[in-house]
Every structure is written in structure tokens, then in C-alpha cells.
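Chains here go by letter, A, B and C, matching the order in which they are written, and residues are numbered from 1 within each.
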């Protein structure tokens, strides 16, 4: 029981755990792109529902923070709503759906369209932090490869894409090289979001099941891997948002009936609503 | 001139048991050294130590690096040794499935070493991979097929292409013809011999097949219980064996 | 060119109770450039053993054998291989080749090992196989399927494709018809004319009389 009489500490985790996670976060920020192990705790939700992100968020939250939680860009999905309510209850922090108003944003699989600014923290939920896992199953070996910066394998994966599809078909979890040193999996964000990894905000990545944290401090140089003759291209569906008319945002495809009718809408619900409130359509 | 590889007093034990003990040899460019002996004689231990897969308990292995001349590979930083292993060395395993990536295409298998040393032009990597497939007698039209769809002989040839694409100078082979049909073996031997001659490769080949040694190796070392009991010119050792064990080995071969 | 001095040789058969067979003692002979010397003597006298020692195929227990300045009793394998590549040709009775290599390439191989370009090596091999009347359709087939006489001609072609300064011949005319036998004798004469030192075993007395300048009775060296 915590000092204030609640059956849990501030933001659910006990202070010792948060301190441990903060140490991992500091190390991850000091060595951008490096996967730092941490003692991942059991959380009151199943693995795959954001246990890593939740532990990181719990460790960086202060009582004055304003929290936003999104899942695939949306504030109103079950996962986003549950996590938002979890912290409203366990930390008593204010919550918002507005990107611009939030100080801490926990996300699954998207980076908000509204550019982040200095002072904001974006926390990613990460399923598999190891970008080399696809081709090298041994953890002992992938660690060595990171240590020695042996990254030829990443290009094998991209080569295979082009050989099979004629272009680099990896559309999400697109690997990046951080400050010319570590290859990092940016979590399953669409590659459309990759350019936003060079940010003014602090980007933190938490993988609960794999017990790894990695991070990108503000203004880190992040390059998406590519070939000279097949350069990186951030991709989005060719279309405009049926709700706000945006032609430059990342779109979700929505089926509207059983006869093949479909529309595209912004995946970032806050971005879309803000535009509509401003009179766009 | 200096040898490409000088091995001195290489020793590896498994607890009280001896893997190999006091093994030494020189290997020159263009030279094929055969290592023969029965299972458990230490020949694979020796090869794995040289390949950096197994740390030796003692000894030295001086490799004449392109940049800095002879260096003891056992005392090299791991990163440097691994860089050598994917540029100037090759390791062809008995089971091609251990030496290939079965879940990516033949082209990617061949191109991997190129990408590992910094090749970043897809078209150029692919063209080089196609050239190597042709060189090892695999139809370049199969460049996008996975090796799991290849026959055993094709897989072994693919493994060789994958290893040789960076033009290594030292090739280590562990029973490369084991498990292949006799006709497929012949094709592979012919291919290897041509590559050794045309590329000036230095090869250490471990095998228990004396016919392979006779056709491929210039010199041979006979190992028993972890030690070298006889060595010399291949046909001299096979036709005029001195050591009792070599005599037994040679006389045990069934004539075809 | 070829010098054998005080050479002895025996075999120890470890797997047959350590039986010791003494084959040669104090063997000595010399072959000068342009000379052809025949090893003679009864069967089992050690002709073949001596020839194989000169080739480096059998080890030397005592004495020295010097070919083209290389002492085979002390030479490293690398030196012996170089000697065989550049200086010492060998026509064996046996053909040991990789089964799928075509006859033409088997013959061209010694030249390829010397760095002769493929085209030229194959052309020279073809000329020689033609001269030895090996039917053209066989050139692209592996000699492992050939008859004895055909295999022997492949072996002969291999031994004469490069102008080796020294040549060892083991029964070079044994399984040949009169026409091809004459071709081989011509090849030997030509090699002598260009200065090759030749040491051989010829059971074919006519051939021996036709090309050999001297005979060395190996029976003298039996211990």
C-alpha cells in the first residue's frame, strides 16, 4: 500500500520499479537505438496489449502531465480508452485527445500527424524490438551483430522484398539506422511515419514481453534503410480523407457496405477532428 | 613470400578428452590441404577452431591479412575475426542447410555477403548473384527461388557461390560431398577444382572420403585421436603410407 | 637431368604383422637431357617402385633422387608439385580423373595449371588427341568409360601436352595398336630431340630398341 492510502503506487507501479525503468530509459536515451533490457513487470493486462508502453508511461508520468493514448491513431478504440482510464485512475492525471495539449502520448502503431514539440514525450508500444529477428532467431547472435554493427542482414530482408514484389514492400516496422550506429525497429508504425522519427519530442519505446526499452532523444538522426537504386519512400494510400479532405495524412480504408463501397479516412482521429472543427471538409 | 595460413600447435580439449592436439601446418595460396581420419579423430574440431566457431585451448593461427600482413586470428578482436570470416574466408558446411538461409531466395543468399560489406545497389548485387549462380551451374532463372526447393547438390553449389562471392582467399570445407549422390559428387569436385585453379583459393578440406582427397587435395594430413600421424603429398601418403593407421585407412577402402 | 644416388627403399606392412619388404638397395642411375633410359629387370625387381620414387609418388628411405635440381628426398610437397607441374611429366598406366570431366579437358589440364589460357590449352590438347587418333566424338566424354587403349592415349596426351624437360613413362605402348604405337614412338623421339630426359619401363622390346639409348637393370639393386 502506498503512502497516500491507495492500494498501488502513483501510476500503479511501485517506486523501486519506476526507478529501475527510468535508469533503463536514461541509458536508452544516452545510446540512441540500443535495446536496453529491463525487468519487465506483470501488468494488469495481457501481453500484446501494451504492457511495455504502460510501464514506460508509468515511469515518466508526473501529476502535472496531460496524457493522450492512441491506438492506430485513434483515441476511441478499446485499448486506447482502457489505458487512458487506467492512468486517470491510478495516477489521477488529466487526459486529453488533443495532440497539441498532451505532454505524454502513449501510442500503438502511429505517430500523430500534428508535429510534436519540445517537452512532449511519445511512448510506443513495441511487440518485437529486435529488427534482426526475422532472419536471425538466436538472441546471442543478434546481440553480437548489434555490438559489431553487422547489419548486412537487414538489407537481405529488403533485397528479398524487391525480388519478390518489385519494390520494397515492407510498409510498417520499417527498419532505421540511428545516428549511423544501431539498426532499430521503430515498432509497427507505417513507414509513412518514419520521417517523423526525427522529432523535437522524446521518443521512448517499451516492449513488455521482450523486456526491452529503446529510445530516440530529440533531433536524433534517423535514416530509413534502402538501396541506392530503390530509395526509401514514405507511402500512403492514394486518396483524400472523406471526412476532412486531408490529402497529406495517413489514411485508413473503411468499408461502408456489402457491395464493395469504401472510403478513406484519417487514421489520426484528433488530426481529422481538429481540421473539421476548423471548417475543413 | 609468406604462407596464407600458418597454424602452430593448435590444441583443443573437451574436458579430459582431446579434440585435437599440437596440430600445425602451412597453407599457401592455390593449395588444397586434405584432412582425413575417422569420426572422432579431431578433424572437425580442427576445422571449427580455424573457422572461429570453437575457441582453441592453445596454439596460433597466423593469417596473412590483406591490410596488415600476418595476424594471429586466435588473438584478434572478435569483430575483426568475424569481418574476415565474411570477406576473406569461406566456410562450406557438410549440410548445406546449415550454411544457407532457407527462408530467403537464392539471390539473397548469394548477395548477403556483398551487402554485409556495404554493397547498396540492388541491381548490381542481383547481377553479381546471377553471375555466381551461373558459375556454379545453377540456372540464373532460379534466382528468386528459395533454396528449400533445390536438390541437395544444387544447395551445396549455392552454398559455395554464397561463400565465394566476396572472393575469399581461404576456404574451409567440412565434408562438402558427404550425403551427395556419386554423380553429383563428381560434378561438385570438378567445380571446386576449377574454382581453386581459377581463383587461386587456398582450401582446407575435411573428409573421410579418400577418393575426394586424391582428386582434390595437393597435400593430406592423416589424423587419429586428435593428432596428426602422417602428412605429405597426397598421392605419396595414399600410395606409400608409412603409419600403421594410414595403412589401415588406405587398405580399408573398398575398390570399386 | 635425373639423378638417382644410393637409393634404398622398403615397405613395412604394419597390418600384416609388421612384415618388412626390402625392395631396392644402393640404386643409382642418371639420365641426361635428350637421352631415353629404360628400366629393365625381372618382374618384381622394383622397376615400378623406382619410377614412382623418381616421380615423388613413393617416399625415399635412403640416398637421393634429384630431378631438375630438386632433391626429392628432402623436397616439400609444394616443391614436388611444382616440379611435376613445370618440369616432370608422367605417363601412368592408370587414369585417375573426376568422372564427368571430358577427355579434352583432362588433357588440357596440365597446361591450365601452368596458366595457359583455356582456348589455347584446349587447342593444343585437341591437336595431340587428333594425332593419337582418338575418335573426335570421345573428346567431350569422360575417359572413365573408355577402353584401355583409349585411356592410355589420354594419359599419353597428358604427358606430352607440355614440353616437360623430364618425362617418366610407365609402359607407354602397352595396349596400343601398331599405328598409335608408332605415333607414341614419334612423340618420344621428338621429346628427345628437344632435349627431354626420359626414364621409362618398356616391356615392348621393339619400342625399347627404337627409342631407348641405354638400359638399366634394376635387378642389380635388389637387396
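Operating definition for what follows: a contact is a pair of C-beta atoms (placed from the backbone, for glycine too) under 8 Å apart; a residue touches a chain by one contact, two chains touch by 3 or more.
None of the values given here were measured: they were computed from a predicted structure.
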{"item": "Label of the chain whose CA centroid is most distant from the centroid of chain B", "value": "A"}
{"item": "Centrality ranking, top chain (CA atoms only)", "value": "B"}
{"item": "Centroid distance [mean C-alpha coordinates] between chain C and chain A, Å", "value": "76"}
{"item": "Intercentroid distance (Cα basis), chain B paired with chain A, Å", "value": "45"}
{"item": "Cα-centroid distance, chain B relative to chain C, in whole angstrom", "value": "32"}
{"item": "Chain C: positions in contact with at least two other chains", "value": "none"}
{"item": "Contact set on chain B toward chain A in their complex", "value": "78-79, 82, 86, 101, 103-105, 107-108, 111-113, 115-117, 120-123, 125-126, 143-144"}
{"item": "Chain C-touching residues of chain B, taken from the complex the two chains share", "value": "28, 31, 182-183, 186-187, 189-190, 193, 197, 214-215, 218-219, 232-233, 235-236, 239-240, 242-244, 247-248, 251"}
{"item": "Footprint of chain B on chain A - complex, ascending", "value": "135, 144, 147-148, 150, 152-153, 155-157, 159-160, 162-164, 227-230"}
{"item": "Touch list for chain C against partner chain B, complex", "value": "11-15, 52, 56-59, 77-78, 80-81, 96-101, 112-113"}
